[in-house]
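In what follows, a structure is listed as structure tokens, so that the remarks can point back to it.
In this document, chain identifiers A, B, C and D correspond to the written order of the chains, with residue numbering beginning at 1 in each.
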Amino acid sequence: MLMNGKQYRESLKKMRPNIYKWGKLIEDVTTHPATRLHVDSVAHSYDMCFDEEKKHIYTNKSHLTGEVVHRWNALCQTVEDQVGNADMKRAQYRVSGTCQGATCAGWTGLNVLHAVTFEMDQDLGTNYHERLQKYFRYVEDNGLALAGAITDAKGNRSMKPSQQENKDLNLHVKEVRDDGVVIRGYKIQICGVAASHEIIVVPGMGYKESEKDFCFAAAIPRDAEGLTCVETRRPSDNRDEEDGWDAPKVGNITQSYLIFDDVFVPNDRIFMNGEFKYTGNVIGYFAAIYRAAIGACVAGQGDVMAGAAIGMARANGLSQKPFQEKLNQMAINNEITYGLGLGAMLKGKQHPSKLFVPNPLLAHVNKTQVGSLPYTTKVIAQDISGGIAETGCMPSYLDFQSEEYGKHLLEALSAGTDGESRARLARLVEWLTVGGGIPGCMHGGGSPDGARLVVRAFTRWEDYVNDAIRIAGVKGEIAEPPKPEKK
Amino acid sequence: MLMNGKQYRESLKKMRPNIYKWGKLIEDVTTHPATRLHVDSVAHSYDMCFDEEKKHIYTNKSHLTGEVVHRWNALCQTVEDQVGNADMKRAQYRVSGTCQGATCAGWTGLNVLHAVTFEMDQDLGTNYHERLQKYFRYVEDNGLALAGAITDAKGNRSMKPSQQENKDLNLHVKEVRDDGVVIRGYKIQICGVAASHEIIVVPGMGYKESEKDFCFAAAIPRDAEGLTCVETRRPSDNRDEEDGWDAPKVGNITQSYLIFDDVFVPNDRIFMNGEFKYTGNVIGYFAAIYRAAIGACVAGQGDVMAGAAIGMARANGLSQKPFQEKLNQMAINNEITYGLGLGAMLKGKQHPSKLFVPNPLLAHVNKTQVGSLPYTTKVIAQDISGGIAETGCMPSYLDFQSEEYGKHLLEALSAGTDGESRARLARLVEWLTVGGGIPGCMHGGGSPDGARLVVRAFTRWEDYVNDAIRIAGVKGEIAEPPKPEKK
Amino acid sequence: MLMNGKQYRESLKKMRPNIYKWGKLIEDVTTHPATRLHVDSVAHSYDMCFDEEKKHIYTNKSHLTGEVVHRWNALCQTVEDQVGNADMKRAQYRVSGTCQGATCAGWTGLNVLHAVTFEMDQDLGTNYHERLQKYFRYVEDNGLALAGAITDAKGNRSMKPSQQENKDLNLHVKEVRDDGVVIRGYKIQICGVAASHEIIVVPGMGYKESEKDFCFAAAIPRDAEGLTCVETRRPSDNRDEEDGWDAPKVGNITQSYLIFDDVFVPNDRIFMNGEFKYTGNVIGYFAAIYRAAIGACVAGQGDVMAGAAIGMARANGLSQKPFQEKLNQMAINNEITYGLGLGAMLKGKQHPSKLFVPNPLLAHVNKTQVGSLPYTTKVIAQDISGGIAETGCMPSYLDFQSEEYGKHLLEALSAGTDGESRARLARLVEWLTVGGGIPGCMHGGGSPDGARLVVRAFTRWEDYVNDAIRIAGVKGEIAEPPKPEKK
Amino acid sequence: MLMNGKQYRESLKKMRPNIYKWGKLIEDVTTHPATRLHVDSVAHSYDMCFDEEKKHIYTNKSHLTGEVVHRWNALCQTVEDQVGNADMKRAQYRVSGTCQGATCAGWTGLNVLHAVTFEMDQDLGTNYHERLQKYFRYVEDNGLALAGAITDAKGNRSMKPSQQENKDLNLHVKEVRDDGVVIRGYKIQICGVAASHEIIVVPGMGYKESEKDFCFAAAIPRDAEGLTCVETRRPSDNRDEEDGWDAPKVGNITQSYLIFDDVFVPNDRIFMNGEFKYTGNVIGYFAAIYRAAIGACVAGQGDVMAGAAIGMARANGLSQKPFQEKLNQMAINNEITYGLGLGAMLKGKQHPSKLFVPNPLLAHVNKTQVGSLPYTTKVIAQDISGGIAETGCMPSYLDFQSEEYGKHLLEALSAGTDGESRARLARLVEWLTVGGGIPGCMHGGGSPDGARLVVRAFTRWEDYVNDAIRIAGVKGEIAEPPKPEKK
């Protein structure tokens, strides 16, 4: 079933309020200033499913029914489906300038669980896959927006979950009942929660047997009893909540800290419970899909940065030309992360469950670029735009309204266009580069260092050494030295 | 005369309130939340002049009296004086993590005018230098903090000041009287105004005769009649003005938009008025001094970033070791901008007026690095620190105070240290990299593109071509092609 | 028809000697030290067509007959065909460490002409496409190796071909006869000529009507009457021609200067003659195919560099571990150019003639990376390998043979392995980074600056500006300033 | 005493031939094609001591006699002396495009031993310093050129010298006699030997007591009995030894492998023998001096690369203008390494012995840049110059002489200038970037990784952490985690 934006907003309004910010409960996420912009951008995606020109971007065919469903409700079965996901993300970023959250990680988790439940059922005779298929159908039928919760609070990084003093630092199964389980603990930095109907919970990393209690996957309603969500404070969120032009008002993203305080999950919503051997695949498939597509996200934001930089040049009274080489570099950065992600998809493979999984080596290489190239793009945007954009070095919107001196400020800001237009564009660049528009591309979905570990693992070093030895014509032995003995 | 911090604060309190933020007048800059932190950091420098271990950093000898004066009141006569300035700046950044403003650009302007008034008097028989020396003595005797106002609002960047529709876009002489002049127009993005006693105004760039009205230099009391200052809205300034730990509270910097609405300047405070031929030297000397020293500023902030990154690693439960190569890169970036500035000083020369001017080629090369390396340093800081520092992805201070769920948040943040300590460090990294601690190093004091123009102008290209031709043994002609004729 | 390496060598031996080096005629390219290694590497590809494990890499299906043919004889019809080409190139580089020439540009030219002759015939009623199909069949039937000649000598870069003093600086039609044409002029830096049977000649760039005489495409036997080929002197070619280990001896690449001194071309081998409007498409398709695949070439060489660097670490007595982060960066560089090329393929389209053409924007973005990332990879290889590899700082092979002191040298070089093995590996690194193994990836197939022009042309700047304006909420006008009037 | 170039050449001719290349003895280094160009460039420095305009660059005052001596014979006592050394090096590179060897490392070693012998005498009551002063005077009186031998063959990098199977892998004292010692072993990759009179030998690294036998410093005549020097094979050395223009013929550098086969050293030439505690200072002072100055070397070569790139642009028929931004980057790279070295000097200190030692932290930071920025400069030089320069993709000089086709080649190469001039410039760029002109700046004088270790050691990490903790307002404990226990 397809919902439009209005229906989507209404469905959110019906939910139990359990999201907080600034120490207070948010009664209605669709109108509260802290969450409204986020809901707006997701609502836009719902609306676009009915737009003749855009609906091919925002919808796909269900693998269950063959019907048209929201792209964020459909299983990725082919390389084209993965490309479609990437292209939707680039389009979404171009709409609001930043991430949309509720159409991304939760859906990815659902796709991943499609494959991993298939594997578990094959190997273990469980019936997780059937449950998952039913839940998948439920998501499609109701056109849901899903957040995806992976990251645990973790605690001390040099210890495993089971070694932490406080077990709650990682979400875990506290009690098993006949009809379900009780879970407890913290998932943090979860993107898109305020705009979602449900949360797909998966294990935070690949675990061994000792961490069995933390090997848990399920679908949890966002307003489940016992679940409290606390919104994070992002750069420039005060401005978002104000009137005026000190931040753009088109759309935004939010993140939550999830406090699971003994939340009951019924059996038909549980997709993994203790099967530690499969947690590695959850993370592996998730990362491959997510990191192949994330290049499109930052490319989309990069497109907006390029446009904003050209806009600022013009607002300053200058043409695009003297900045062309820098603009080219912005475009190159954008296309690298986008195109490399596509390359990962092209070398991907279909899983026996029908899920199409991009090539992990190329996907993780892409993550290393997603964690670095956008920073260059931002610096160029600031470079072209000038000082008022670099740190937003302008008086506040309120000052511009001053009867005493407001018109002087507007005058002082006028250049290639009127003062207000120039101020708005400068605030956009500020927001994109050092404000609330930053999508957290470095650590979001895992760190570049983690990606490098995967690059290391998937690269055929010994083959390359053998090539070199053969080409060099070496006849002697070239061996790794023995590890030094510990004393 | 040396003032201490308390005396400095009291001297500021006596001034006429003419600074605004959020559309309202700031009655007392030493206590108002928008300016208090800035005053605190300058006050610290005043206090350090009485600290046995630090006073060599914060004081120097007067060229007029031989007495010990604040370093920001003394003429730079030797390479050691320039190094002293750089070392003070690095130390100041290490105190508060950011710029201090009121001990920098105004003092640099005063030094520059020392040389340029000398030149004008030599060439034109004016008595600007004598006036300037008297004013210099006045500054020393009163231990003043000076802001420096260079940047005009400028308007359309493809037109000269005289071509702008609105003449006020650049500060100019509106009326000449017997006892002084009336000036009018906008100087914007002026650093350190709220913590200064006076403002040294100099021309915004090198001008030709047509721009004579804009060739004006003078010393203006910050609270002069007709002058209105409007503070800019920097990233995370809301947090500065709140209680709690969502931003550091040790010190900060502010910038102002200056509205000169027919401000009278008496003759003995005027140091240039229409002598357009000398504006190039004002800019040239200013840039050479400023850009040789600014490498120390960003190095000082880089030191704090390195420290904050190590702190975050530990707060995450990790040791410094796995990050050592990245930390080394941070240190390398810091020392490049610091050391290259020193190199510019070492190849500098003493002006006939006794002012010591660093080598402009090396100073401008340094500016290109100051406008790029700190961005790498910031990215590394975020890389080491993890997701909560990258975008400050944590709930607000107010949420941590919640009786309902605050203790859960503290728990969730605890890792290698308690939750509050970790949150504070993460907020510091956020503030340094995408918050109010960003010093505007790219466009502050002029853009990298401008610096590249100077690099081009000061590089001996033809000498190098001739070397190459000789070494290559070329006998034929190697000439620039004729410019294509315009049709 | 598939040839094996032996048959290939024999077919080359039968050709008229018309290739020179060091001022002398090369009688037999299969045995002459200047060309032998190049022929060896192409012969290896011929042999691999009969290798059970590798033949899927080196062969493809004919679009004409459906038979298995050499991959360098087959039309690319699908994205898989383009990927196959890329994967063959990466494999070929891993065999010899460098380019193979005779299986690349000529074949690309043939593919491109397949599409462009189709267009011309559609638009103009010519019968070029039929001729081309016949020639394609001839190539397949004889299993030919083809060089591709694009680059003209060009002369003064600020003038068009028709404006040059010497018309021969660009290959042109000198005389039209009933049965064919006479061509004249210079094509230079043509890769793989010595190992090829024929040369596919195409126009050097997109031309307008004034350059009609230079709009010429044809297939020319390498040993055609009137054609003289002069081999270029590449770094370390002396070592290739010597005995000993001062350069690897597995395979190599050569380039030629082609002097067309009134060469007659019969009509059935002419595929364009004056149709200037189609030259842009020749270059456009060529670049899209070539630059999508070239990322695989440099990735393959990068693989060997990674292997050689690990080999050198071990030869120095060290393990791979302390260099792992650097090695990861090598792998990342390799996979970026490889994967981004794949991305270009995935976003490609099938031409009405059935040729599959990669996405030009992504292909040209890839070229910018191919022209820069391998340099980083080389620097890392030298960094890991140490001083003897950086500049090959070792005595010559002849010195190692000295009865007087040779054994001392072998002793001095021994470390983690024997002295000879270490010397050989160090020479390989030297050869790959500053020797004959450098594939000319920066300017080969056109310069990065040209690629940037294409990036500029294919990027939708105005769309991005409009996104930014919308998100910023700008209401005023943001327009390119008018061009300044010329005086 | 000052020698001129002629006297210098004659002094070399008188020495015993003990240098080999290609397996054969070089009878006269001043005329043999393998060493002649190197001698030429050093001779040029000797001549410049008598040139009115240049002699201030090439001479200095003796600390022993106050007389004018060759700069490479004088002790560095002040920051100006160190700057003079840097400026001479930049000038020398601009003469020949590369390193000069015999006026550098040996002189540096002599300076370092001046300080370290002073320390030893102070601490141990030895009389090394007196010996050294006498030898210093001898060098000055005879105007000698000195090579400096630090690097040992080393063998397996994971073992100390005393642990190697073959003790000869590191130079060591084999026998102590009353009148001197007998030394034995290999010093390799020693720069400038063929153009030197004597070799200053110092320990290869800082050693502990177990390595006492390797703690040896002395002055050895280059033609000492028992010493055999074998020249290394550098890229493009064949071309240097030929006629023609395939390599520049102005000057060059050479490196040797030194085989000490029981060489007797009399006592008055020994400056360290077993005093292991002082080897760290030898390396420390050497690196500080060498790495502060080496930035000037690569800057000088960078100057020539910038000139060659402009020359190539013109030879291609293009003006400098479209490449200006790239040329600026070349200049910036050059000035960074030059200026940062100056910064290291400015923060240096005078040793009690009067030797002036640059700041080690900044000197080592400079080394990291010297080991990376020149690579960028090279890539830009190739980028601007085009394909014929990138890999020297042109026929050999011999082909240009061919009666048959030589004139065609000259024609084909002509563009903005005649074909020969363009070929010569292209060969220069090739030589500078991938040929014999590469100065080995990455590993020469030690590796960047070693420099990074020093950066780590000299950076005040804990101070920076404490700054961050104070600014962040952290009250909890932020400590390095305990090292994990070994099991």
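Here is the rule we use: a residue touches a chain if its C-beta (ideal position, glycine included) is under 8 Å from a C-beta of that chain, and two chains touch if they have at least 3 such contacts.
Predicted, not measured: the structure shown is a model, and the values here were computed from it.
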Chain of greatest Cα-centre distance to subunit D: A
Which of B-D and A-D has more C-beta pairs touching across its chains: B-D
Gap in Å, rounded to a whole number, between the CA centres of subunit B and subunit A: 38
Where subunit B and subunit D are represented by their mean Cα positions, the distance between them in whole Å: 40
Centre-to-centre distance between subunit D and subunit A (centres being mean Cα positions), rounded to whole Å: 51
For subunit C, residues that touch 2 or more chains besides their own: 156, 158, 317-318, 325, 416, 481
Contact graph of the chains (line, ring, star, complete, other): complete
Subunit B contact footprint on subunit D (complex, rising order): 79, 83, 94-97, 245, 248-250, 303-304, 306-308, 310-311, 314-315, 317-320, 324-325, 327-328, 331-332, 335-336, 338-347, 361-362, 365-366, 368-369, 416-418, 420-421, 424-425, 427-428, 452, 455-456, 459, 461, 463-481, 483
Complex contact set, residues of subunit C against subunit B: 156, 158, 325, 481, 484, 486
List of subunit B residues in touch with subunit A within their complex: 20-23, 151, 153-159, 166, 168-169, 186, 188-189, 228, 230-236, 238, 246, 255, 257, 259, 261, 316-318, 371-372, 375, 379, 382-383, 386-388, 390-396, 398-399, 401-402, 404-406, 408-409, 411-416, 430, 434-435, 438, 440, 442-444, 447-449
